[in-house]
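Chain lettering (A, B, C and D) follows the sequence in which the chains are written, and residue indices restart at 1 in each chain.
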């Protein structure tokens, strides 16, 4: 079986860990280079036991030339801003050498089309407006065709994946008001990564719920950008994220104002039609609610819809595994599209 | 020190357990009668180790005459509907005998003023409209004076306590629209009691969030009734409850539409003024968010407010321990008021 | 690809659920019959969402004739004793018809060779001594060859799998005293199944550890039987099981008395040699300790060994996923052996 | 009511937090000085909401003179070694000034009598052998009389408290072999403090059990020292600690070899006699097992004993709240003894 050569930059992050756990099951993939600044020189299979027998190399320092020569695709698993400049150089060098080289960036560095949003929500100035345009937002359910042609994939954030998949069908059909969307969302502690903070310490997350960044979370412009594009009207979202006491998974409760009453049956029908050919979106029947435990470890998004006629409120519940469909699973789904394989390869 | 004699009906429920754990620390209380149908005859201190040295009796069958003769106050800790008829008889017998006897009912049987609400939300016909009027809704922050005079206290539900305390000040001052309130709420598994069901089994609650009864939870009319009274305008609430993976505690995220922009500072000021003399309500400063871990085990309600100017949405976060301020702690607070003691007695 | 036809008896148990989640990924398997007494007639894919597109049938009542005609192998996922008589009839009917039919029994009904042990530890009289001899204990690491020839596999219990794999190499080489083995073990709540009890309710398992059946757990004779066979000397085990606050996984801390000092390096070497060709046993290097999170969801047993020279105590730590290597994953491993496939099929 | 003036050194540690939560309920205590290096100048009630209305001061830098003038007792809540030199100076200065000043040190700095044990188990050289002798090991159940006379209390560690209370009665009566004690123990994540590490991060503790420091934990010599003293024979312990997925609480499973068979009834009787006047030790009846949830938040140690006649093994289970009876609650119990108050003051 033909295999492509894969590199992972920032291979000791939690995202990279889940990515590697998925990659070793993928029949078309050969892991070639893993980079890590903090563990350079350490045998990767020592750090990740599950790599034993699958990858015998050590964590390396990042070396652009090596990446370009030795791999066909790299996954970038660094925090936003950390690798941005190098990504630009890498992209340009690949183009210059006329290589069919693919970059799947799991950070937020190329997700937003408007550079000003980086200043406002991320606090840094984005140096490369041109590349923001060339990159493709890697949500296959919306951009499958564009992804196929792209060289640089901006892999979506976890909250945006959960929310966009839940709301897009309603905005696409102009059935709900784009200006009054409320998102009340819950992430597992894995969303806070491995660098210690309030949101990933046991003492502050167990037997607790931790609200944070209300109205100011950096995933807000990403959701608004994509949902505005889908509905062709500016979308504004009240976004209230929390950390809840589980490790993996994400739930978004989304409150919508339909222009006309939209009963559960109708809303579910609309969702099922929109996603009828999607391998990774599962729309529940009326009266059924999504649960995180149904999607943990797999690349599914499970969506339910119900309606409260007393207040004319449409309620969408959308769940994913924040590390799978919300990060690494989706990255592999994008890779499958980029290389023309069955989209579910390595994901079941 | 003078002591009153206390009875607990349904003493093996989870609510009763927390109640007893609090009662044994209360200096004015002598536990006299505990009833239990499932454990009649068993030594109470055998079932509840913490009763050793505090109460040497056995669980008894309910006997009205004994209750009236041997106790000054009973706490009813049965499920709604289970004890309703007996409560009515007990109340009437006490009146007939001209006794200064107090009933604190932790069930929902006397919370709703409109008997039709029992048919609609609880599925049973309430037999005693008159007593619904005489009973007082036991939320001290709103009804302290009435509680003082009452013989039958309808102790509030956990969700209503959390939500009413969070929203009442805004409706009282008519600053928010009473028809568009959204409540997205999370209960610990203890809220589902001890009879096994999806919402209190480990396998369905750990590493999961379980939405349930969306738009149809029986606490909805209770919140709407009380908030309508506070704001003197009909209130409608979109109520979306969930079970989250902790045992004790409750969080309500409440979304309000202010008539005019209501910045965090102003909203917090309004809350702080409303609750300035309350021993059990703690309003956080702007930028601070309530957390369940701050209130577990104690009779506090912690409230925070923030505002999203992009969408004109006021966001109230309110947390309690569902078993303390949401049930048994509040019952003791009511008892303290009924007997003229310091309201914080036995509650810190 | 050639496929075998599979039936699952008792398909709504937790064990069956995990089994089905694994079976749908197995390329050689076609699910043909699922039986359930409690949900007869319900569409299986309605109860188990993950069966959508994989199995379109309903849960049926058990019918021996249908099983024999329509399937090549059945997995029995009932509680011990519940299906024992029917298993015997099924086995005999298959023999009578000269069918190459396989039974993999996940209950304890054929694990013990001495019928008296059923009376003593399980409280029932075993009706079929002959079949106890014909059945093969399905621990591939010890009985791979016998399993290949068997028609009835007694799939091991979770505790025995964890403990036998951890201790067998030491007894095989006669390096430790067979009479002073102490096993201090921890199961996730899934081990207590789905019928409600103290050990699977959230209120009694979260933020707690629950010791139970100390010295009297029914898995004790199973461990002793198999370890006695390995070491060719009677083994006695002090077995102290607990439920710990996680859903999936199992840890055994095993205390051994070596006849001569057995330093960590030597003990690890002995383990590594014993398991050098095993695809599902991973022996850690000296100084490394097994962790449940490394094995959850996969068919691994992870084993570590260390030695306390101050007390001449060898300490083995062994972890598995109680529902995978401890039940359903091992059952599939056995199926792979029975049908001559690669042992890892469907398990990575 | 007369009050003593209290200081807490290192007031932002987790231990100090629990200590302060208990101190504010104590009627004989006035909190006077809180020191913190990391938060000097911050209002204490801002950091700890529960101090509102109880303590209006700020966190200060440590100043010996101020401590000696302004307080009657200080609790030291620093990590071992951090405050050792200053403790010695503080003690000597108090003596010099002839003050009746009390130090309750929650660190390990004065628990071990043999200075060499500090080198071996803690990795530092202890500078003050003399003071090691003058300090009293603050386990009231063993040293109540000495504590009464002491100026410097070495407050016991959490594991030693759990284990010593469970084993002491058996060694005191010489019923078990002092050389073959095995302790298999579980701590909540709070035991790992608030400085981030593997043992207090959510991702490594939830749905997991984390063995650590097997045979090398620094609490080992503390247990051995005290149990050797009780039994007047050298005690050696195989100690295997773990972190389990809860926040507060500790369980020790202790395996003993009785010289003669010691049935459950006899062992329980021995324990009950030993602790018959102890307010904080609860010995369970035969057949009952201790559970962490019974002691969380309170100053109890719950102990059970059972016996496995098949292997002549006595099994003691002992549970405490690691932060209460295992640290801050015990410190308050010691304070109560030092100042001649009822031992349970502020602890119920």
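Structure notes:
In this section, contacts are C-beta pairs under 8 Å (C-beta built on N, C-alpha and C of every residue); 3 or more make two chains touch, one makes a residue touch a chain.
In this text, all values refer to a predicted model and were calculated from it rather than measured experimentally.
Chain pairs A-B and A-C differ in how many C-beta pairs they share in contact, with the greater number at A-B. Relative to chain D, the most remote chain by averaged C-alpha coordinates is A. Centre-to-centre spacing of chain A and chain D amounts to 46 Å, using the average Cα coordinate of each chain.
Between the Cα centres of chain A and chain B there is a gap of 41 Å. Between chain A and chain C the centroid-to-centroid distance comes to 37 Å (mean Cα coordinates, whole Å). Annotation for chain C: residues 206-207, 245-247 touch two or more other chains.
Only residues 25, 49-50, 52, 206-207, 282, 294, 297, 302, 348 of chain B touch chain D when the two sit together in their complex. By the touch criterion stated above, chain C contacts chain B in their complex at residues 14, 189-190, 194, 196, 200-203, 205-207, 245-247. Here chain A touches chain B in the complex through residues 179-180, 182, 184, 186, 204, 206-212, 214-215, 236-238, 240, 244-249, 251, 253, 255, 289-293, 296, 306-308, 310-311, 313, 315, 317, going by the rule given at the top.
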